[in-house]
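Below are two complexes that have chain A in common, paired first with chain B and then with chain C.
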Partner chain A sequence: MAGVDVVLQVLIWGLYAGCIYILLATGLNLIFGVMKVVNFAHGELLMLGAYITFTFYALSGWNPYVLLGASVPLLIIVGIIIERLCFRPILGTGKLNEIFISIGLIYIVQNAAAIVWTDEWRIIHSPYERITISVFGVNMPLDYLIIIITTALILIGLHLFLRRTRIGKAMRATSQNRNGAMLMGINVERMDMLSFGIGAGFAGAAGTLWVVSGQVFNPYMGSIPAIKAFAIVILGGLGSIPGAIIGGLVYGIAENFAIFTLGGAWKDAISFIILILVLIVRPTGLFGESAE
Partner chain B sequence: MIDLNKTLGIGSKKGRLFGIIVLLILAVILPLIFGMNLFLLTILVLMVIFIIYASSWNFLTYTGQGSLGHAAFFGLGGYVSALIATASGLSPFITIFIGGGAAALVGLFIGVICVRLKEWFLAMVTFGFAIIIQTLIVSQFASISGGWDGIAAPRLVSTTIPYYQLIEYYSIVLIAVLIILLFWIILRSKIGLAFAAIRENEMEARAAGIDPVRYRLFAFLVSAYFSGVAGALEIHNLGYITPEIFGVDISFWPIIYSISGGLGTLAGPIVGTIVITVLWDGLRMLGITYARFVIIGVLLVMIIIFLPKGLISLPENVREFIEKRRKSS
Partner chain C sequence: MKRELLLLCILCIGFALFAGCTDQKTATDELKIGVVASMTGPASTTGKDIWQSAVLAAEEINADGGVYVADLGKKVPIRLIQGDDESTREGGMKAVSRLITQDNVDLLVGGFSSAVVSAHQSIVAENKVPYIIGGGSSSAVSRRTDIDTSYMFFHRPNTEDSAEIIVLFIDRVMRPDINQKFGFSENRPLRLAVLYQDTSYGTGQRNAVHDYIKKYNLNITVVSEASFNMGESDFRTALTSIKSANPDAVYTVTFLNELIPLVQQGRRDVGMNTIFFAIEPNDDPDFYRGVGTYGEYMMIQSRFSPYAAPKETRDAHTAFVKNFEKRWGGFPGMMGVVTYETVYAGAEAVENAGSIDKAAIRDALDKLEIPEMIEVMKNGKIAFSEEFRESKFELYMAQLIWDQGAGETRPVIVWPDSLKEAGFILPDWYRPGQD
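The block that comes next holds the complex of A and B.
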């Protein structure tokens, strides 16, 4: 029964879901690359991005895509605050501590959001909600196309930033060799702050895109996408940004095929099955060099 | 040389003994003082169950491992025990140990996959398994597990017996004491030394002829088994079980308890569970709902940053601080 058009349909859903995962995973990877810490509370930043978009939309009524201009800078600030207050003091005290401090952060951010915005499920409607376009004979919501293009633009922007600008080069240097970078006069602590900020900003962008695509959200929705994003990071190899992009696409598509074939209950589980299979075969991820 | 006191908990032998005796006396007389206050008794029972659960989770950290998905074992122990007790009519006092066995079997399977993984990888895989098992329970096994609605479980002590809640409470306390005693015996033995050696320096441990994989697996097995027993105790106490038991919260609570008490010590999870439970339910009585999560989160972050050895190191830190002040003045 699965004709070509159905496969294409699922592929497009997967591509769209993959975009949000890619943004989260790239942010995580950027932070990991520079600081060598994993922020398990990354999904809470996505959730904050979603709520900031929601609030500004309710206040201004502007096109929600424009609100990327609000959620990203605000999340960069939140990211910098989190880095300074929570992650910097424990830098180098053991990897389990990072996980544990993230758990604390998850509780703080989720429930602070529940106090501010209540824990009801929210939704906003994109102005292009009813418009679909035809791609290879399959109907695709215009929103999905915009999201895919936006994500691509953001990633190109990141690429240019890392390759062409002085700060971007300094960040790459820090991620390759922290001590060496320090000796070259790079302020590595500022790089930490910056990478965490940009990573958080990416999560904010993912939050806005999540909201405009018409997905529901509440203060507790962030954990699962974040955990998946982390699984993608592992899948693609820690610290490898191309790995995160390919991993994100594979994930989004695999997840949507699982929903289609096994039923909606398997949406979350399938990602972990993939992750576990990958880890059994290749404990360092598909594109990673070494975990040690 | 590995300091055994460090592995076991609070500083001096006298202090330890004193602490244990006070705790045991409190455990015995508290419900008697408050009489049959059901609300309080329920909190106490849950607290003791979570002491078992947190201690079992903490058992993993002796080998330097950690898990974000212990709800998988907690829930499996509960489901298997509930199903067997309902189907066979066996007393829950027997089936909780069978439930633990089922959890340990799955734990062994997960352990085999996980022992070679470290830190984040291990955390992710264990977290993933909790979600996979929850999915299996609500989809493939829905016909016997009742899907999202869950199933009823027989009470630990039949409700027809007078004072059944008290009997339940005391038997759970007894089980908790026995389990922690067992942990103590294991950690005092050569196995405990091997654990410490692996945690401190895996290379050297290997050079000394200790097989880290075997010991890690053993720790995983023991931890999963007693988490399963704790889960079974909880559901027989509640009288029902739903797939919510595999939720992220259930995985995170033992971590919060153990860290706030003190990781890798016997006393840590006990102290942590008591302090956090008192704080938690105290805040609830004050009518604080969401904010108490925030408070617990802030507390956790502050403990990790300022008291990396947990609350049990607080007296020592205070003493050091005072001594330093005295010296400088």
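The block that comes next holds the complex of A and C.
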């Protein structure tokens, strides 16, 4: 394999990794943008998405991509329940309360998942796992192309929802100025509920795509992706959706080139090196606003 | 009324205290064994295996009357006490401290991850409690000199043992087969890539690969090395890098959850038509189920396999698996069987010591020599070496062959000759590396 081919191949692996990060970070950012709440248990929502896909797949044998139709709505409901029961009562009472609620949720969700599904490592096989296509002369599993396209479609859907619909506009207004939105008659608590639900739905989609790409998972798998998602959110700018998308891509590609050039031990380190460098130059993140 | 109430309270407290006193067995009524296992956290599957196997062994021994202690002139039952290390170094330190200082255990067994074991070794050393460790494969754990390890005994192959067997197999069996099949010169060195977990366990294995190639002057060239963080699930870039070095085989140092995606991504995504080698902790039913057809013809090192048993211990293997399934409704893993053996070894040492004095148990473990049980041991005996108190296993190499009936691959022992069931196969799709 020639050098250019290898670099292209690594770029493709980076794009795939970036897709999972983008979905996670976008959901996290949506929640933060509207509610200004930091949900450390976001990785556990990814894990739930993976298990929901696994369960429906085991029961029905359906194409796992179709099961996005199950994991996303179910995670939206889970997100709404979490927002109503856990975050709404403590909203505005201080960041420490939010942090400890979300840390508590990590343990509760992990242990509940371990009881329901056991803590053994699981894996499912995509029906397309044996199909490889050629992209610019480089082999690419069909599953990865589907994952990249699916991620793009989900992001386009979010863009249209936020820009073209009344609820989306209300959500953006709440994100920009909560008090102003309230004065304009927007039910901001409803926006909180919706943003948390959609953010959780994004994590559910990331969970499904994680599973169909052939990754193993167990109830404790959400922690590391969640930490990365937080770093991406800070890198891209708190509350900025474009920032989460660019940040996710930068991380996915940078991590893979770090593995290729410096070794696997640098995979996680490179993310935080980039984060520190960006914050030194631009403390609000790539797309963050100074007011934040 | 007040006086009656006070009297009633005093009576209740008195009864409670009295009941507590009568319920609590005296120290000499039982043999207390602390089981250090990851009952929670990422290694909890293995932890449960350790605990359940220890329970099975203790129940079997207790059903036979218990452990005879000459000093007491009677048999005493084993009581197991669980110490959950939570899959972390801190959790392990907390669990071991509790087992030693609060539960006053006579003996410790268990221990899995090298990192976790190394963290609580100093507590064991300070308190001088005999500890038969079934994990902690890194030699850095068993051969450390900064603490007194004289109370620690290691019933597992170390990283050197593991690496030695694999590189010898590669040089003596695989390399000649490749050279013959593809018309290469007999002297062509085998091009080996090493993909290892970036931990003391992984780097220990990598170093051992180099050391044994040098020690035996093997005709193997390491053409590529790559590491990954523990718990990694995306190996595509590391494998792409390795593929570009054109290896003949890939030696992997992984845990089960890492090996499944590694092999799948290597064969499917990166398109590597090569033979992957896996080290012994991965021989588990979950691996065969997870890896699917991508595992076909890969090599796995083992000492206890769910689907293969050397003829030397086949009956004991079958009985253990059957009893485990009857008791727990599942299949025991490698850490389970080793813990089962360590409970028996501990009981035997106590009987030989004739006492539950910790120093006496330690001395008895030093001199222990019992016939191999389920795993095949060097010279057919479980005994601990003088220098580092490590038992010596007869490791074997198995090749994964597709089983249509099972719908999964199954291991077939191909080396060493003394345990061999069939010959090594280079599949038609295999492509050797290029110089």
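Here, the second predicted complex is superposed on the first by the 288 of 292 C-alpha atoms of A that agree within 3 Å, B and C clash if a C-alpha of one lies under 4 Å from a C-alpha of the other, contacts with A are read in each partner's own complex, and residues count from 1 in each chain.
Everything below uses one rule, namely that a residue touches a chain if its C-beta (ideal position, glycine included) is under 8 Å from a C-beta of that chain, and two chains touch if they have at least 3 such contacts.
Model, not experiment: these values are computed from the prediction.
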For the three-chain model obtained by superposing on chain A, do chain B and chain C clash or fit? clash
Taking the superposition on A as described, I'd like to know which of chain B and chain C A:F230 touches: first, second, both or neither. first
Contacts for A:R130 in the overlay, against chain B (first) and chain C (second): which applies, first, second, both or neither? second
Scan A:A17 for contacts with chain B and chain C and give back first, second, both or neither. second
So in the superposed three-chain picture, is A:R282 touching just chain B, just chain C, both, or none of them (first/second/both/neither)? neither
A:A114 in the overlay: touching chain B, chain C, both, or neither? Say first, second, both or neither. both
Output check: A:H159 vs chain B and chain C. Expected answer is one of first, second, both, neither. What do you get? neither
Return first, second, both or neither, reflecting whether A:V216 touches chain B, chain C, both chains, or no partner chain. second
When the two structures are overlaid on chain A, which partner does A:G263 contact: first (chain B), second (chain C), both, or neither? both
Who does A:R190 touch here: chain B (first), chain C (second), both, or neither? neither
In the combined picture, which part of chain B sits where chain C already is, 57-65, 129-137 or 237-245? 237-245
Residues on chain A touched by both chain B and chain C 114, 119, 263, 265, 268
Hey, which residues of chain A end up touching chain C in the complex? 1, 6, 9-10, 13-14, 16-17, 114, 118-121, 123, 125, 129-130, 132, 139, 141, 144, 214-216, 218, 220-221, 224, 256-257, 259-260, 263-265, 267-268
Going by the contact rule at the top, pick out the chain B residues touching chain A in the complex. 61, 66, 68, 113, 116-121, 123-125, 127-129, 131-132, 134-136, 138-139, 248, 252, 255-256, 259, 263, 290-291, 293-294, 296-301, 304-305, 308
Contact set on chain C toward chain A in their complex: 41-42, 44-45, 198, 226-229, 231-234, 236-238, 240-241, 243-244, 256-257, 260-261, 264-265, 268-271, 286, 290, 292
Chain B partner contacts - residues on chain A that touch it in the complex: 38, 40, 86, 89-90, 93, 95-97, 99-101, 103-108, 110-112, 114-115, 119, 223, 227, 230-231, 234, 262-263, 265-266, 268-269, 271-273, 275-276, 279-280, 283, 291
